[in-house]
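Mind looking over this structure? Questions follow.
Per-chain numbering from 1; labels A, B and C assigned in written order.
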Amino acid sequence: MRLSLGLFSLLFFAFLYAPLVVIIVYSFNSNPVNMLVWDGFTLDWYKGLFGIGERYLDPNQRVIYLESTPQLIAALKNSLTVAAVTTSFSTVVGTATALAVARSRFRGRGFCGGAMFLPMMMPDIVLGIGLLVFFSTIGMQLSLVTIIIGQCTFLTSYVFIVVQARLAGLDPRLEEASADLGASEWVTFRKVTLPQLAPGILGGGLLAFIISMDDLVITYFISGAGSQTLPIFVFSMVRRGVKPEISAIATLIILASVIVAATGLWLRARGERR
Amino acid sequence: MSDLLTITGARRAFVTPEGRAVPALDGIDLAVHDGEFVTLLGPSGCGKTTLLRAIAGLEAIDAGTIMLEGRDLTRLPAHRRPVNTVFQSYALFPHMTVARNVGYAMEVRGLPRAEREAQVADALAKVGLEGMATRKPSQLSGGQQQRVALARAIVAKPRLLLLDEPLSALDRNLRQAMQIELKDLQHRLGITFVFVTHDQDEALTMSDRIVVMRSGRVVQAGTPREIFRRPATRFVAEFIGETNLLSGTVEGGAAGPILRTSGGLSLRIPPGTPPGARATAVLRPTDFTLGAEGIAGTVTRAVYRGADLHLSVAPEGGGPTLGAIARDNALAPQRGARVTLGYDPAAIHIMEGEG
Amino acid sequence: MSPRERARIVVLLAPATLFLGVFFLGPLVIIAVYSLLTPGLYGGVEWTFYHWNFGRIFGWADGIMEVFQPVYLRILLRSLSFGLLTVLVCLTLCYPVAFWIARLPQRWRMLFLFLITLPFFASLIVRLYAWLLILKPSGPLGMAFTALGMEPPELLYSPAAVILGMVYIFIPFMFLPLFAAVDNLDRALVEASADLGATPFQTFRKIIVPQTLPGIAGGSVIVFIPAVGNFIVPDILGGANGLMIGNLVEQQFLSSRNWPFGSALAMVIMGVVLVVLVTFTSRAAKAGAVR
């Protein structure tokens, strides 16, 4: 019984990781005709991404579109800009809301908490087209700004949930003790609540950053001509067909997100141990 | 009486996270007679729960055999053993009503509903829980939950009922009431009970036989009186109730042998121990008669315990402080008072060596 | 409540309320309104009431301006069944693994939990692209079939591919709530059940499943909701037979430019989601009241 469970779990993890391994392996395959037939090791597709490979200059080779390097860089820059702004905004607003809901008693508190789950539970496509119709109705041009606004709706909700979970785990008696020792509300918040809450806020922010960098569906509907983000860039490449360069970009994205996620989880684990 | 359960050479070791093997059962031999109330008694961590779980089939043993009515159970999974358990935490199924909990053993055997209901009602009546059938376990008090667990375990009429500290979560009064009820129930049902406790009073009150365990082994098995009066070792003597243990050398005397302790105290002991041998005498505080001729000493401490006073007496000639009991009345000795502790040499139990 | 406290609550709540009130509720209200407006001839809308958007989906239409086509209903039903299948497959995959991980020593548990969440952070589109590679006839699976002397089956652009892709991306959603429930399962209950004579299968059915039901339900809901309205997975892995209602919505907005009809379809998705959510939360509340 135990053994078969273990075997099943092994297959399960193989299922989880095999696809990622496949991408990474193929990204180093030098076969230009059929990228799925192994031919030899190469870094050409990575070089091609940044416009430094020889194949990049040879129009007869299977190379991605000539304009793609600048586009890729622009998309990455857009993604980072959006993620930076949305992360800051949603972290502040989400944390404020969590503080209000978790630490004060007022009528409609339960409703507030429940309502904050909605943006997260709303299917992406509904929110995406809703935002599209909304922006066009109020006459707002699609741009990075609309992407930022759109993403903030659900990112705020993610941060709220993470921070609120952390707040619920905090001992309110510590705050009472601080007040009892003569600290004002503000001092108590700064010296007692905030330090304990920090891992939660950090975790929520990190989650928001990762999700923002990865958001496809909502951004897809509200990004304008000049405001492609990285996932959308990759999506449109994938839609046009399989190319070895996509594997190279994908590998880099996997690497970056794994590093960010691992750091985040490690920070959280460390925060919990303390 | 025939043996219902026979355990021979049962061993079980657990591996600690550091990789060290800890023996929880270290060669257990045990026989339980049909219809008996046997109590496993021992300090925390001595392997009582492990032994019980091994009998129930919830824990495999590394070596040894477990036989029930001559049938080898050792490799049988828990659900095929005619043994039921009352768990320490009760382990009532929270999503089922009391009635379904109690009827569970019959439900999984596929008994028809009508038959089940009759037996459930019967079992609930036996434990005094009529009218609680439709409640959920969370809507019951601790004592009521305990009764449900009991009813659930006896309803299938197991050959053997295992109880792991079933009373430990109850308050003192309820616990004493339940001790008597359990014992009555066992009589009425005629089921053999193996009961785990680390409360020696509970063990003495309830059992036909007590099995004292220590670090995965059986140290002594016997009737409560045997265990109390004739402990096999110093460990048993000290574990069961307050006791005075006096070690010394036996000397011959005109009126019978005498035990002389290193402190200089001499004690008349029953005949049978050869002079010159090292021996340890076991004397319960209740064995002393205050004021009668015997050991003279000074009261160094008197602790009020309700009906009586527990005295610590330093013998005049030196030697270890002795425990004695006095009725709490106007004549009761106070701290500093001189007293004499009379005793009957025949009541003294002698263990060889240091015990 | 002191005025000070009241002021604090207002300050803390105002940003989220205002922002979400405008940019979250606003869009939802607007598509609700749009779904009841007349589509303009060349895209755009006319501001007159119109219920044939829904009629086109559910079976009433004038037959001139709008025609009822059962294909929409079929795609809706297909989306529901794809969502359901995704949930079932996720559940079957995650349940045993949750038990396995729950029994591991603490250190190993953390590692494997981490390994399950990690792919979630590797971009969605990248993970789907991986399956595009794997399922291609010339991909590793196809090659394995060829090597065995068999004709590689049509894996890509099929309903199976869509479900596979959704299972792959939603596994962490199912796993985490399920694991929480499995990890909370009191082992004494399982032992008590065996002790009372239940076979392992009976114990599973009568004790383990009911006891982990909150996790099963929670995981199912949060997988079903994004699955049913998904359009990326069918877009990349599904062919004509893998089309889902999300793809219809996307088409209406980005190619057909029939926004009112697209909004009506989106309202249908939202309706499904709301029904699922409300059923789940009211059940959960009821179960909570009994416990």
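Observations on the structure shown:
In this section, a contact is a pair of C-beta atoms (placed from the backbone, for glycine too) under 8 Å apart; a residue touches a chain by one contact, two chains touch by 3 or more.
Only a predicted model underlies this, so the values are computations on that prediction, with no experimental measurement involved.
Using CA-based centroids throughout, the chain positioned farthest away from chain A is B. Distance from each chain's C-alpha mean to the overall C-alpha mean is smallest for C.
One finds 58 Å separating the Cα centroids of chain B and chain C. Mean C-alpha position of chain A lies 61 Å from that of chain B. Remark: chain A and chain C have CA centroids separated by 18 Å (rounded to whole angstrom).
In chain B, no position touches at least two other chains.
Taken residue by residue, chain C touches two or more other chains at 200, whereas all remaining positions touch fewer. Chain A makes touch with chain C in their complex at residues 1-2, 5-6, 8-9, 12-13, 15-20, 22-23, 26, 34, 36-37, 92-94, 96-97, 99-100, 104-106, 112, 115-116, 118-119, 121-127, 129-134, 137, 149-150, 152-153, 156, 160, 210, 213-214, 216-217, 221, 231, 234-235, 238-239, 242, 246-247, 250, 253-254, 257-258, 260-262, 265, 269. Chain contact summary for the complex, chain C toward chain A: residues 1, 5, 8-9, 11-13, 15-16, 19-20, 23-24, 26-28, 30-31, 34, 93, 96-97, 99-101, 103, 110, 112, 114-119, 121-134, 136, 138-140, 143, 168, 171, 200, 222, 225-226, 228-232, 235-236, 246, 249-250, 253-254, 259, 262-263, 266, 269-270, 273, 277.
Against chain B, the residues of chain C that register as touching in their complex are 105, 186, 188-189, 191-200, 202-203, 206-207, 210-211, 290-291. By the touch criterion given at the top, residues 17, 56-58, 77-80, 83-85, 87, 89, 91-95, 104-105, 107-109, 136, 138, 152-153, 156 of chain B touch chain C in their complex.
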